[in-house]
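Below you'll find a set of structures to go through.
Next come two complexes, and both contain chain A; in the first it sits with chain B, in the second with chain C.
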Partner chain A sequence: MTRRAAPVLACVGLLAVWQIASLALESDSFPTALEAIRTIPDILGDKESLINILASLRRMTIGFGIAVLVSIPLGLSMGRSRAVAAFFNPLLMVVYPVPKAALMPIIMLWLGVGDITKTLVIFLGVSLPVIYHSFEGAKAVEEKMLWSGAAMGLSPLQRLVRIVLPAALPEILTGCRTGLVLALITMITSEMIARQSGAGNILFNALDMGQYDTVYAMIIIVGAMGICLDAAFERIRARLVRWSEPQFDMPLSFS
Partner chain B sequence: MKVVPSRSSEWVRPVTSQRPASTIIGIDRVSQVFQTSTRKDHVALSDISLTIDEGAFVSILGPSGCGKSTLLYIVGGFVSPTRGTARMKGQPITGPGPDRGPVFQEFALFPWKTVLGNVMYGPRQQGVRATEAEAQSRMLIQMVGLKGYENFYPKELSGGMKQRVALARTLAYHPEVLLMDEPFGALDAHTRTRLQNDLLNIWERDRKTVLFVTHSVDEAVFLSDKVVMMSKSPGRIREVIDIDLPRPRRRNELLLDPRYQKYVVEIERMFDESDEVGSAS
Partner chain C sequence: MAAMIAGASPSLAQQTIRVGWTIPAEESKYWMMRRPAEFPDIGKTYKIEWTQFQGTAPMTQALAAGALDCATQAPLSLANGVVGGNLKAYIVAQHVFEKPGGFSVYWAVMDDSPIKAIADLKGKTVGISVIGGGTQGPFNLLLKQNGVDPAKDIKLVEVGFAVSEDALRQGRVDAVNMNQPFAARAEAKGGTRKLFSLSQAMPNIVHILEACRADFVDKNPEVVKAYVRDITSGMKKALANREETLKVVNEVLKAPIPVLDTYLLKDNDFGRDPGAAPNFPAIQKMLDIYADTGMLPKLDVAQFKHPTIVAPLQ
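And now, the complex of A and B:
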């Protein structure tokens, strides 16, 4: 009971502090929590806004999905093959510390300001943590486990799919969870840079026009999206890797 | 070729095997050289020749670092020797195969599979139908004493239970040779004794060929028909000793048997000698 109530209480507490701070400061650019919350139904009820938000979600889903589908096999292969790791490692080392949003102007020059550019930026943001965690997970797979599989007659490819993949799954899903949050971040960032549609577009347009209620309401909406996605993902993750979880665990999510 | 003298002449000849034994594994002048991090060559195995008869329980006994596990991995096909060849039924070993089933000290179970899932894995890979594989696996799980634990995950089991699952998982795909790499090395003394007894009981049913790596003299003498003693740096075969003790062996009887005690004392004495030689050089 307290476990379920705790995150709700934390949210209520945060809103309360916001409300009091805003009342104390009396600034035009800092609406109260209640004002911001009251604006949410207006945004969600507006067809134009809804189309924008759904477009964001679609790009995020596609970017995240393709990134996961490409990164897991790549990371696992890197973890099990020195040659593959030697080839891709330097490449990733160069891309890793570069903020993906910083690449956007270049990508925009090539691919325009449309969906492809934004989805590509999300893809880049999600790929690296998923590759890294898949790589680490595959590297840590016990050699003897693979030998046991080989003795049963599993081919190298079968061992990669049927032993390395499940054995590394807890680590892979940790990477995916980081990737999911990064997908949300890169989604908003990309829409901030190439304003055309999306949740980030609503937010920054409202900022330009001084509609601070809408700005804060959008922050709440995006935040809530993040929390819901993370909670949903955490549920799926927990189901998939129940076999690896310690008996008692500190939940670090809202699921 | 250096022929390793067998001590068997000093002991009474074995009477246990009725049928004429045929060679199942032949190791011919095998050497294994590893390159260490300092780029120096480390000779793990030097010129090892050994034949193992079908249906024999053979232990490879030696101090840590004598290359006894490496020898087992070569027979398993997990490691290729630097020189020489290992043969299984006359065919050179080029890789792992279901005719040689390993059981490792680290258990190496598939943690995402239940006990039943682990044991069924091999038969399913060999194309056995699911219902049939399940029935066989359940019987094996019962045989290793884990009835009731079919749906447990490895993390929920103790070390001894994990090793029982590992044994059942390997037996499930009917290897002709069991390759056991210090299988009871990570277990406490009590569990170890119980697993030794159970292994012997299971082995006495179908008398599969077993190659068993250990550093425990008691364990080697208690289980084996033949003990291959190795010395280290470089790893060589020092002595091959036939253990002529009646089967089925019962631990409580054997510990009181002067012949058993003589084997243990004799082998320990030989190891002490080699240690002195080692420390003097």
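And now, the complex of A and C:
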């Protein structure tokens, strides 16, 4: 009971601190938590806003999906092949620290201002942690297991799929979980400079017009989307890698 | 007629113009976006792919890269594109300018501030919406005329229009620039006063205009003509039917109509030419100010003029 209530209490506490801080500061640009919460039904009740939010989620799903499909095989290959790791590691180290939103104007010049550019920014944001965790997971697989597989006649590809992938799965899913949060962040930041639709459309328009209750309401909505996606993913992760879980349980999410 | 044109020229019928826009103050384009049925050529003679940008500077980049065909521009951002990005473009229409007696971007101070004149800004912290942006040329000029060196005598900080009132009231800045609709809101609340406005540097300052890439215009003159005709018509509709314009702008900006009603298309708003005609002499004067204040090299506005494709087009 306490374990399940803890995340809710944390959120309520955060909202309470926000409410008190806003009342104390008396700033037009910092509405109270209640004012922001009261604006949420207006946003979610507006058909156009929902279309915008769904457009963002569509791009996020595509970007995340492609990133996972590309990054897991690449990370596993890097973890099991020094040559592949030696080739890709320096490239990834160059790209990793670059804020992905900062690439937006450059990518925009190559690919235009449409969905492809924004989806590519999401792809870049998600792929690096997934590659890194897949790489670490594959690297940690015990050699003895691979020798046993080879002795049983498994080809290198079969060993990768039937031994390395399951063994690295807890680490891979940790990367995917980080990637999911980053997908949400890049989903919004990719809409900062140029946009045709999206949740960022609502947020940045409201910011330009000084409608701070809408700005903060959108922050809550995006935060809630993050919590829901993380909780859903955590449930899937827990089912897939139950065997690797420690005996004690720590409430890290709403799942 | 549109159908005849479309039938006569299949390439024209399929043509899409990629247009960049921003908020606020582009009422003719908002009408075209939200009331396309009022513009018979849209969807028949040509199509528009709208993309919203955060300010005019990224649109200059997109124009220079060929990612946009037409876009909203400020005279300074367009000129920067020419100087730094080899952009070649035509100014085909104008959105808003500072008409005499109307709203002019101004710097405000608190009522009880000891700052009574521009010269009193020495040693103070002054807010500006974008450092190096379009308002800084006339701003620098006014400061220099009053014995204040904008580079040495003040601490210039970037404060977006949306938060300028808050920054001033909380004492984070001693003076800050104000624009609509935030100026109307601050004036309604009271406690602030105008120190000086940009109109003191020059009248008829052009804030935003419509520019199209020269290569696109040269290759698709009929399509751009149709687009400029619609901008002209959109401006007329915006000015003729304020009630509907309030609804259109509300749909785009999501700002409540009562807030828009305090200034939009009233005497305390920017000016709009009824035919969306660009004021080339005023733009030239602005380019001269930017050159005099060291923000740009000397530029001739004639390079932005197309002989026939310019608003008003009927």
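As a convention for this text, the second predicted complex is superposed on the first by the 255 of 255 C-alpha atoms of A that agree within 3 Å, B and C clash if a C-alpha of one lies under 4 Å from a C-alpha of the other, contacts with A are read in each partner's own complex, and residues count from 1 in each chain.
Going forward, a contact is a pair of C-beta atoms (placed from the backbone, for glycine too) under 8 Å apart; a residue touches a chain by one contact, two chains touch by 3 or more.
Predicted, not measured: the structure shown is a model, and the values here were computed from it.
Novice: After lining both complexes up on chain A, report clash or fit for chain B versus chain C.
Specialist: Partners fit side by side after overlay.
Novice: Given the touch rule stated above, what does A:Gln196 touch, chain B (first), chain C (second), both, or neither?
Specialist: In the superposed model, A:Gln196 contacts chain C only, not chain B.
Novice: Pick one for A:Ile131: touches chain B only (first), chain C only (second), both, or neither.
Specialist: neither
Novice: Have a look at where A:Val68 lands relative to chain B and chain C in the superposition and call it first, second, both or neither.
Specialist: neither
Novice: When the two structures are overlaid on chain A, which partner does A:Gly153 contact: first (chain B), second (chain C), both, or neither?
Specialist: Only chain B; A:Gly153 stays clear of chain C.
Novice: Looking at the overlay, does A:Ile221 come into contact with chain B only (first), chain C only (second), both, or neither?
Specialist: So A:Ile221 meets neither chain B nor chain C here.
Novice: Could you say whether A:Leu120 touches chain B, chain C, both of them, or neither, answering first, second, both or neither?
Specialist: A:Leu120 contacts neither chain B nor chain C.
Novice: For A:Leu169, is the partner it touches chain B (first), chain C (second), both, or none of the two (neither)?
Specialist: In the superposition, A:Leu169 contacts chain B only.
Novice: A:Lys144 in the overlay: touching chain B, chain C, both, or neither? Say first, second, both or neither.
Specialist: First partner only, chain B.
Novice: Counting residues of chain A in contact, which comes out ahead: chain B or chain C?
Specialist: In the superposed model, C touches more residues of chain A.
Novice: With both complexes placed on chain A, how many Å separate the closest C-alpha atoms of chain B and chain C?
Specialist: 49
Novice: What is the shared patch of chain A, the residues that chain B and chain C both contact?
Specialist: The overlap between the chain B and chain C interfaces on chain A is empty, containing no residue.
Novice: Which residues of chain B touch chain A in the complex?
Specialist: Residues 76-78, 95-98, 100-102, 104, 106, 108-113, 121-122, 125-126, 153-155, 169-170, 173, 175.
Novice: For the complex, give me every residue of chain C touching chain A.
Specialist: Residues in contact with chain A: 18, 20, 23-24, 49-54, 58, 61-62, 65, 67-68, 160-163, 165-166, 170, 181-182, 185, 253-255.
Novice: Considering the complex alone, what residue numbers of chain A touch chain C?
Specialist: 27-29, 105, 108-109, 112-114, 192-196, 201-202, 204-211, 214
Novice: Flag every residue of chain A that touches chain B in the complex, lowest number first.
Specialist: 142, 144-145, 147-148, 150-154, 163, 166-167, 169, 241, 243-244
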